[in-house]
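Dropping the structures in below, format is structure tokens.
Look at the two complexes coming up: chain A is in both, with chain B in one and chain C in the other.
Then we have the complex of A and B:
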């Protein structure tokens, strides 16, 4: 395996890790505030559809992104209403959101575009093109002859869509917001001990709604990335369970932003390896493609069981806050 | 998730049932959806053509999950639809169980084989069409490396891959062929993101022509090929128009003709048994239209048409992967 191959696998890792990372951080905000959210998948899917649909209609990817974020935040508001205001079961509300998104996207898409639950292909300004940093090689085919440093620069650093850079930037921002601001401290407190926050005269409901809204925002970006950056259009169920993998990554990361980055990159790496090496011959024995494709999941179980130690969720997670009994 | 899908689909099915008169034909689309721009869409076009020509109507159901197959079949049969056409190899097992219960209903299965007195099985010689597009790929490739993205890892898709590989080797004996499958579950027909990633991985290994036989996943493959400036080859339906100038050709599998013929023959005219449609029967072919006329040179056309004649005449035997599960050209 040469250097370029390694770089290309890492490049694939970045592309595949970004939607996971955004969704994972979305979940992190929500769960740190004590609202479990298994509706990440549904929000991403809804955002993927609306960003593609609006980007196609308006011809502008940024307008699409905003529409995607808005649609995802509407679902967040539904989740908030059910689980914060009406104190319903957070898991059930999340499942409902996933169902709703799966059905609604196809229904609206069919009614809107009449192409069987997909949007037309996006082109030009309706899509987030990859940004080529100055001096970078753009064609994969020319890459072979370049020097290692150039390969590293052109393949791994340059040539991603702006949402990828934005995604990475979200990690330090999340860390800063959660651990260096007053809002972050209160948000974490509300997930651990809402009574204490309430006693201090801060609105538990308000904080939790804020957290859920941030969750919607990040899921919206993740969805828009799927349908307008790495793909050019929405197809039915295109999130392909990435929201659930993000949840696994969140537990894996013990609800911490930097660990979330590492966990998502690790998952991305597994998927990239599985895409690149479908049949590896090891010691004269060919590993079947089925094995390679289940490798990410096998490794997850191994790592979770062996290396992570105990993952303790926020103490008040999953429980609606009742002021007085 | 499955529950919501079934709920949605059964609601859709109920709505459709209401309009279906007795003895109307019916069609069931496999996972991947009616508008996959490929296999199912081709079937839908055949059905629509029949409806437009005869003014008749037909019932349709789109599969949303594996669990619905039997339910959908029984439902249509009990509502009196006749004949019932289904697209996809995955119906074979279910149909084997359902067909004997409705002896008066004629079933047509495309891409699968079921041995029953009221079932007609239509299979295609995909290896022959794939051989032709493989030759085009071999001639169009500058790097000498071409690739294949399959949907679900099943013998049928290997049949495409194997025919393709033989065609490539016929045009360029030194060519390298990279083959990837998207997945091992039916979800592999509907993951364009993964299709893109596989294509990128193949391009980085030197491929400059990619052939997608992957249903909805193929949309991502063709998109990436267009983005990266390499050639792609579509499948089942004519996909040349999706990215003019990038889609080299499409391997046509005339599912539309099979559906049209079944609908036209009607319940009384359908002969049970197995029909294999190849180049000779016009069941498979490669597509040339305005969108790709510039990409295919005179020379390429002559070579491919010569090979086509030879296959029809039996002078070239394209190996069928399904007979022995091996591929000599891979």
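Then we have the complex of A and C:
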């Protein structure tokens, strides 16, 4: 394995980690405010479809992105209505949202485009193209002859779509919002002890709706990235359980932004290795592909079991807030 | 005292939720430019308009009874088992191992052994999440989701390496012995002199599913264990005070739940496909959630809800066949049913409760204010035993 191969695997890691990271941070906002969200998958899927569909019809990826965010936020509003306003079961609401997105995307895609539940291929301005940073090599032949530092710069740092850089930027922003602003303090408080926040005269309902809306926004970007940046168009069920993996990463990261970045990069690395090499031999053992694919889930269960550092979720998570009378 | 009479609680609330879900589904069908009334008539014709349709409607219903009971039993212990999918996959593995490696003289013996294998494997797949929830406080929803994915990985590995017969390309086990074919209700009808096509639809497993409904009812409302499960679900602290071990009840309830999900594989693997294929569960584990919510976690309700979903499934397949409406319409309807009967329950319940209160006030002298409608407040847990998520 030469240096370029390693760089290429890492490049794949970044591409695969970004949708996970955005969805994971989306879940972070929601769960830190005490609203469990297993509907990340559904919101991403909905956004993936609407951003691809609108990008195709308008010919503009940015308009598509806005449409994707809007559709994801509509599902967020449903989740908020069910779990905040009507104090329903947040897990059941999440399950419903996942199925709703799975069904509706195919139904609408078939109605609009008639191509068996997919959108037509996107090209040109309807897609987020990769950005080549100044001085980066773009031709594959030149890449092979370049020095390691140049390869690192051209392959790993340069050549991603703008959403990738935006995704990485979301990590410090999330950290800053949650831990350095008044809004963030209140948001975390509402996930730990909503009674205290209510007593202080701050609206629990308002804060939770704000958190759920941010969650929808980030899931929307994640979905748009899948269908208009990584791939050129929407296909049925294209999120491929990334929402659940993001949930796993969130637990792995113990509900903290910087750890979320590391967890998503780790899971992204698993998938990148899995994509690149079919069979891996480790210490004379041949690891089956299915094992590599299951590794994020196994690791999450181990973390959840508390054998390797305990993951303590927000205290008021999952419980609707009932004002004292 | 109760705000609503029992009949309103058991029948009216789910019925109104169902009507809301149906109305929205009709709007969805209209929005994609089809006629909802025509769609319903095609679904009815294809699912309950003939012997063949009935066969598949009941075949699907059999699956949903098992997964619905699986979710219900766990719900009674206030556990949300979202892992029916994975437990049913492992149940299929149990069926395949029993039928491939142990010889039986007759299908009935094979059925008994396969059922035991299916229930055992399904239950074992629920054991680790149950234990982790009870002993380590790991949230069962997350662990069972993870176990679904692990089950898929495990099955994929076994079917593409160990169980796949030589010279076959698709990941599936060898065919089971033809002697183990379960008698279908259609073939029984033909033997009795009725006109019916011979196909692999509803089979004797349907009777097993009905038996499971009775067994679950008996367990939950007529045995000590059932009482313990229900008390634990109502209030963990009260149950603890009464000497009921949370660890024991969590594990036992999840074992029963997983076993019921596993039994579904007898119907799919042994009854219909006659071998183990990769995607034999086809989301039935998740439909179990909708079935349990609609059936209000009572075996009879689960039975009725499973019939309804059997009808939707078979009718949806016919709809996809005869119109341009994709099968995914059923997924949308399923989502709406889960949303309205599960998550938006209070949206229907609160106005209805107020209505009944208003009606009663007219007849009786004013009474003390009822408890605010809405979900029960969670028990006050002792410090330091915060439930994990």
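The working rule: the second predicted complex is superposed on the first by the 293 of 325 C-alpha atoms of A that agree within 3 Å, B and C clash if a C-alpha of one lies under 4 Å from a C-alpha of the other, contacts with A are read in each partner's own complex, and residues count from 1 in each chain.
Heads up, the rule we're going with is that a residue touches a chain if its C-beta (ideal position, glycine included) is under 8 Å from a C-beta of that chain, and two chains touch if they have at least 3 such contacts.
Since the model is a prediction, treat every value here as computed from it, not as a measurement.
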For A:275 in the superposed arrangement: first (chain B), second (chain C), both or neither?
first
Touching A:31 in the superposition: chain B (first), chain C (second), both, neither?
second
Could you tell me if A:143 is touching chain B, chain C, both of them or neither one (first, second, both, neither)?
first
When the two structures are overlaid on chain A, which partner does A:117 contact: first (chain B), second (chain C), both, or neither?
both
Chain B versus chain C as contact partner of A:231, first or second or both or neither
first
Applying the touch criterion given at the start, work out whether A:293 contacts chain B, chain C, both or neither, answering first, second, both or neither.
both
With both complexes superposed on chain A, which partner does A:10 reach: first (chain B), second (chain C), both or neither?
neither
Applying the document's definition of touch, where does A:125 land relative to chain B and chain C: first, second, both, or neither?
neither
So, A:102: does it touch chain B (first), chain C (second), both, or neither?
both
With both structures placed on chain A, which of the two partners, chain B or chain C, ends up touching more residues of chain A?
C
Chain A residues touched by both chain B and chain C?
98-100, 102-103, 106-107, 117, 290, 293
Which residues of chain B touch chain A once you look at their complex with the stated criterion?
1, 3-5, 8, 33-36, 143, 153, 180-181, 183-184, 187, 190-194, 196-198, 200-201, 203-204, 206, 208, 216, 219-220, 223, 228-230, 242
Within their complex, state which residues of chain A touch chain C.
31, 36, 38, 78, 81-83, 86-93, 95-100, 102-104, 106-108, 110-111, 114, 117, 241, 244, 247-248, 251, 288, 290-291, 293-294, 297-298, 300-301, 304-306, 311-315, 317-320, 322, 325
Name, in rising order, each residue of chain A that touches chain B in their complex.
4-5, 8, 12, 15-16, 98-100, 102-103, 106-107, 115-118, 121, 139-141, 143-144, 226, 230-233, 235-238, 240, 271-272, 275-276, 278, 289-290, 293
Taking the complex as given, what residues does chain C use to touch chain A?
28, 31-33, 80, 82, 128, 132, 136-139, 141-143, 145-147, 149-150, 153-154, 156-157, 161, 286, 289, 293, 324-326, 328-336, 338-339, 342-347, 350, 372, 374-375, 377-378, 386, 388-389
